[in-house]
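Next, two complexes with chain A in common: one pairs it with chain B, the other with chain C.
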Partner chain A sequence: MSGFRLLDLIKFFLPILPEVEFPYERISFDERIVFTVGSGIIFLFGQLPIYGLVSNAQFKIEDPFFNYRNVFAMEKGSLLELGLLPAITAAFIWQLAVGLKLINVNLGLVQDRELFQSGQKLTSFLLAIGYAAGLIYSGYYDSVIQGYDPLTDGLPIGWYVFIFFQIVGWSFFTTLLIEIFDKGYSFGSGILCFLTLQTATNFVRDLVGLEIFPIINSNKSESYGALFNLIRSFSFDLTVLKQNILNAFTRSQFPNLTQFYISLLSIFVVIGLQNFRIEIPIRSTKVRAMNNVYPIRLLYCGALPLLFTYTIITNIQIFGYFLVNILTKFNISSELVALLGKYQIEAFSNDLQLKSGVLFYLSNSSTFISSILSPIRSVIYVAFVVIISTWFAQQWSYISGASPKDTSKQFKEQGISIAGKRDVSITKELSRVIPVAAVSGAFSLSVLAVAGEILGGLGKGVSIIVGVCSAFGILEEFMIEYQQTGGNSQFSGAFGGL
Partner chain B sequence: MSSSSAQAPGGLRSAVKRKSTAEKKAQNSNALPLSTRSAGAGGSSSTMMKLFTDEAQGLRVDPLVVLFLAVGFIFSVIILHVFAKITGKFT
Partner chain C sequence: MASEGLEKFTEVPVEFFKDGSAFVKKCTKPDSKEYFKIIRAVGVGFIMMGVVGYAVKLVHIPIRYLIV
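Presenting the complex of A and B:
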């Protein structure tokens, strides 16, 4: 039993890792609603701008991650700069490492499970520190720090420390808020609930956001919401109107209507896909004539394959950005750095767009035209997303605790059997359906996501897909819980009659 | 025949085959769980990503304390913004 285990390293950090207490007694339905809404609102407070940046910093930051930030609730220039990325990355790393048996953990033991969980939390904290330090070192904030001129002044260490503590501090709190959700105080999983919340708020804000911001490199200003801007600038002059409508679909500093329609289409398609399922007839082994169906959904893994794929792509892009900047600072020749990735700022949106290098081929285009103009990149990107998603779905359907074997074990415990089949062959029957459903579901979702990206969705389509799928999952949990309370909830008493 | 080689009724005839099926069975039942959910302790399901479903050692805090600290953090940032605005006005 000797030998070094990665898991044992975590023991050193146990005394200082905060741990949310388990509920002493069952949390009532009403309390769960209050906790869900309360932590959700507190999470959204994270959209507060970072202290120490100039005003409207979100439009002045030169942003290399504009394609991915929507998927992980990463809000530019705000406390949510890292969003949920550290937590999601940590979760995927650990759970896949155990599922694929890359590390030596026996989850049957309580101690190992506890260390496993603390490991995820520690990784999430460390990743947050790593990302924040990387961003600051790469000079991501240099152009927007208050009263700082990168050309003349020395390093603004004080501001750097301030920004670092704000981002990392909020990332810690986000992780703890997620823990409150996962410990059973609220509905659904913390990560997915927050993603859904953020996506929903942004979806509305993108359409009818009322704030008016100045356009960079110009003396005009526009509303944040695409539809609202169109209404505000309405004119009876046809040429002006035509120009305004074109602008509403193509503007790049603010959300545009193209992204909105891509999101809307994605919502409908995902809702449609949610309904596809195979119903396996089951019967009770104990009671006669108890027949029912066990549904197996096409989206067996929900949106997790897509989320996983984008976690990988985003991490590659972030670490690539760090590496490019570090190499540049150490005066490595620019030809070598360009092999990795070369950024070019786009004047209309202050986005840093990749122009060449390895990173370029793993990025998506911001408009439909640019995806046609660089076909090799589009093909590689599409293939990457689809292949990684389906691979993950295949693995996840076996390791997530809902594999054919686990399900048949569940059947046996509950005295259920597939109608017309022997008990022994349940696993075989289920494994004819479950992996196929998981893979084809992940395939269709990733194709949908990629189609949106190619048309210029800038990650909005992806975030909407993840959001809608998660919302369905959360709603399911909510309804099950609601039916089990038997209707003695204050909320249903107050709102039930509406 | 002697009693030592008496066959149990049913089952596979040759000892080698019996051994291999027994080994396979043992391997199946001893296989480590691949996730906390299959270990029977909650955790990520096929559609839900969950991280923290066990009670681990550590610095115990009440969920309400976490919520209040989070709000406190937000307010400290807001106060910094307000102070910056006020001092900026007068200097």
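Presenting the complex of A and C:
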């Protein structure tokens, strides 16, 4: 079995895996815009509710993952229940496995690269099936299935199968949408583009959402958007006004203004950090007197370290939730299960909050007060996030396509060298700067994210950090592409006058 | 021996903070004019994207009533 590779196993699945073909010819700038916008709109349509649930199911589901939904575009009670989580998890698993040389892939070969991509897709499909089956088995949907009473009726197998296929089907579809991006039809990476879109949409919706929903366990109703609700319920009576303002900052079923301000602050800081850079003077080896600078950013890996950390935490929480439910169903003593995690429902928002157990220490608190009240958890959580993201940045700066070695290779191909350095020492010079940049960037970003979480950002701060960082990446690719076409585009002709 | 191991253990973070802060000090930072320019550009882009996205989401409301 000397020539056997794990990668070859994927060959068996190649004929049955749906695939997006590589473009036959260069996709023009206009077409790329259309593909990007089109896939974005299709992605947003995935947030329609699942058929078979009662109306306003998103507020009635007892939700153990409320902390992480925002980061992965997991919309409660909708087709996007799993969001981008399967795709992101699969991508990280494969990238790390290749980077740390756990599997043997030569990404220079077309065939291997194809297998690698298919493997990633297959993992994403399998994960989606796993998550969906786990959710349904854990009784996540039991309280919201149409015409089903968990206390009196038997198991609604038909509905279960129906819901399962809806979630899994849409998750497959999302994975294929991402592939459209990754095969070069659109701008940027699919995952990051969708995350940006989702974050931006939610940012606007949280503030001025017009929809009016009933509050659970009460007969009142409120608007979805925090600011809009405040304006709608404006009153000249001072005591009522005071109460309304307090409510706008503390309500927990809908987004509140605290989360909004945390997001806003995060945006300002991230934009600042994004522009911290060291400029290495470079000169061309071919043309004389061609001096320029090569910027190395502080956020060398962008928001990937943070995204990676939250992928890990979310996966731990999800599989923890499954495990707790499975153990409970098999009548394992409740003391033992409580060691793993114990959930308690919160009456104001139907969130399942962790109260004890191992999972409790890897979760964040929903308000600033509760993070002060459980200091041990806060410390462990902060340490976990910061350490994992820094570790990832350290690894990533060596294994990604932008490692010191690869960058110096690029320099050589383009006939560039660092001013005042010989050709051979370029790698050495770069590897003195790049890993330090990556690690300190990831460190500062994760501290920013965790600060938001401790103050009660409920993942909004994290998602906005990831969103803004990815927006920069997409914008950069967009501008480069735009300049290459020389501004020769139908769209710029149409919108140029604006 | 034990103290040596401990020293090594504390050395890594100390080294890390030294390198990191030196790096940040050396960085070119955006001045306030550049900063506000970027904030405006990114802010407009972000909010535009959000508004369009939210408009698509508003289309969901009638569909929601149809299918639930």
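Note that the second predicted complex is superposed on the first by the 495 of 498 C-alpha atoms of A that agree within 3 Å, B and C clash if a C-alpha of one lies under 4 Å from a C-alpha of the other, contacts with A are read in each partner's own complex, and residues count from 1 in each chain.
The criterion applied here is as follows: a contact is a pair of C-beta atoms (placed from the backbone, for glycine too) under 8 Å apart; a residue touches a chain by one contact, two chains touch by 3 or more.
The shown structure was predicted, so the numbers you read here are calculated from the model rather than taken from an experiment.
When the two complexes are overlaid on their common chain A, residue A:19 makes contact with chain B while staying clear of chain C.
By the touch criterion stated above, A:200 is placed in contact with chain C alone, chain B being left untouched.
When the two structures are aligned on the shared chain, A:7 is found in touch with neither chain B nor chain C. Contacts of A:426 after superposition: neither chain B nor chain C is touched. The partner of chain A that touches more of its residues, comparing chain B with chain C, is B.
Judged by the touch definition given at the top, the superposed model places A:278 against chain C, while chain B stays out of reach.
Shared-chain residue A:440: touches chain C; no touch with chain B. With both structures placed on the common chain, the touch criterion links A:182 to chain B but leaves chain C unconnected. Of the two partner chains, neither chain B nor chain C is touched by A:359.
Of the two partner chains, chain C is the only one that A:44 touches; chain B does not reach it. Once both structures are placed on chain A, chain A residues 45, 48-49, 51 are touched by chain B and, in the other complex, by chain C. Those residues of chain C whose C-beta lies close enough to touch chain A in the complex are 16, 19-20, 23-24, 26-30, 34-35, 38-39, 42-43, 45-47, 49-51, 53-54, 56-58, 60-61, 63-64, 67-68. Residues of chain A that touch chain C in their complex: 40-41, 44-45, 47-49, 51, 53-55, 196-198, 200-205, 209-211, 267-268, 271-272, 275-279, 298, 390, 433, 436-437, 439-440, 443, 467-468, 471-472, 475.
Here chain B touches chain A in the complex through residues 32-39, 41, 43-63, 66-67, 69-71, 73-74, 77-78, 80-81, 84, going by the rule given at the top.
Against chain B, the residues of chain A that register as touching in their complex are 14-22, 35, 38-39, 42, 45-46, 48-51, 79, 87-88, 90-91, 95, 98-99, 101, 105-108, 110, 113-118, 120-121, 124, 146, 166, 169-170, 173, 176-180, 182-185, 188-192, 299-304, 307, 396-403, 406, 438, 469, 473, 477.
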